[in-house]
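Just so it is clear, A, B, C and D label the chains in written order, and each chain counts residues from 1 on its own.
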Amino acid sequence: MTPSIRIQEAPFDLAEETAALTAGREDVGGLASFVGLCRADDGLAALVLEHYPGMTERAIARIAAEACARWPLTGCTVIHRIGRLPPGAPIVLVLTASSHRAAALESCAFLIDWLKTRAPFWKREEFADGRERWVEAKESDDAAAARWDAA
Amino acid sequence: MTPSIRIQEAPFDLAEETAALTAGREDVGGLASFVGLCRADDGLAALVLEHYPGMTERAIARIAAEACARWPLTGCTVIHRIGRLPPGAPIVLVLTASSHRAAALESCAFLIDWLKTRAPFWKREEFADGRERWVEAKESDDAAAARWDAA
Amino acid sequence: MRVLYFAWVRQKVGKAEEEVAPPAEVRDVAGLMAWLAAQSPGHAEAFANARTIRAAVNQEFARPDQALAAGDEVAFFPPVTGG
Amino acid sequence: MRVLYFAWVRQKVGKAEEEVAPPAEVRDVAGLMAWLAAQSPGHAEAFANARTIRAAVNQEFARPDQALAAGDEVAFFPPVTGG
């Protein structure tokens, strides 16, 4: 099973991605997903996401392969959007499928915790009053990712 | 926020349920979902699910209210199907939304672990050769549910 | 008193529900199970191994020593297997 | 040697990438940062607080003491904030 990894400006379709991991199969017992969306905190007008083309895909492919080694997955999809995204827009999708519920749930949490802290994306906030601000990394995200190192 | 809880024979639409928790909102930062599906283990022809009408809805409403008390959720949907379901069919959907990623992920895992062990549903397996067998409760499911009692 | 059966308990008893009027000495869930077991061969088979059966009283999970009242709704079933 | 900049490092330097030929005494990531900081006021501002900057060499995260070779692709950026 090869994880599907995409970096794109376009929106993604959760139903379509889910169908792709289950269509014609009868061995999938659980499908876990996480969708991260753009919140409109403090008058946010848009998030602008940039990434490091090449490194991003390599890094995500490597962590997806690690997830497949740690859990018995039948499918794994990671889609991360870039560009200008308005409040309410979906930013990232992690979708994992397995015969076993716990494997799907845990690998999904593992992948999104990792994406938050180790994938080369950067977010700039644009506000309605014209201000701009680069989002700073959060210690709580580092802690969430680090718990998988010990596990 | 009132959790949406449904017991039904009909399929559910993940995209529609997701849209219902996010449409017109800009405060949802994360959306976690789990879909449990019917696996075709050992020549399974169909799963037949029955439940305890009345008690099921009450029990799920109570645990969903507990999830809302433990985590700051902006939305929560639980749909559990009953009746005869073929291999590959979706059986259960848990969908949680929050401003915070960890709240969505943890409450989703909490609810599905609980549904596995405390909600009054029973599954009968029907095999291609005519055999029938009631699915037995798993100790691993009890253990998964019990970890939330300690948390 | 209304009694409901689910899953293989229902199949063995041979019905999904019944109205029963147990004698006064049936005071709790365990007592009701013992009394029901004597009602028919199907009941006897269903309740042969009481440890494999779970109960609910008025739609709440109940332990064997839970007291019963005349108007209660009591349900018997195997350990649940949803999700 | 190709150097890439992302996020506010790119904004301060004023360009997204450049080809550089540092002298032989620039042997590692920290040395390259110090050398780059002297190339322009924008570079100086970008690298003023080296502890807030992360690096990658040939598309792998790298520490300040990682050795560099002439053909390397080196990137500088703030701590990542994806997901």
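Remarks
Heads up, the rule we're going with is that a residue touches a chain if its C-beta (ideal position, glycine included) is under 8 Å from a C-beta of that chain, and two chains touch if they have at least 3 such contacts.
Owing to the predicted nature of the structure, the values given are computational and were not obtained by experimental measurement.
Chain centre most remote from that of subunit B: D (centre = mean of CA atoms). We define each chain's centre as the mean of its Cα atoms; on that basis subunit A and subunit C are separated by 48 Å. Subunit C and subunit D have Cα centroids separated by 73 Å. We define each chain's centre as the mean of its Cα atoms; on that basis subunit A and subunit B are separated by 23 Å.
Within subunit A, residues 36, 101, 112, 116 each touch two or more of the remaining chains. Residue numbers of subunit D whose C-beta contacts span two or more other chains: 83. Going by the touch rule set out above, the chain pairs that meet are A-B, A-D, B-C.
Subunit C makes touch with subunit B in their complex at residues 4, 6-8, 56, 59-61, 75, 77-83.
Across the interface of their complex, subunit B is touched by residues 13-15, 18, 22, 24-40, 87-88, 99, 101-102, 104-105, 108-109, 112, 116, 144 of subunit A.
Across the interface of their complex, subunit D is touched by residues 36, 49-52, 54-55, 58-59, 80, 91-92, 112, 115-124, 134-137, 141 of subunit A.
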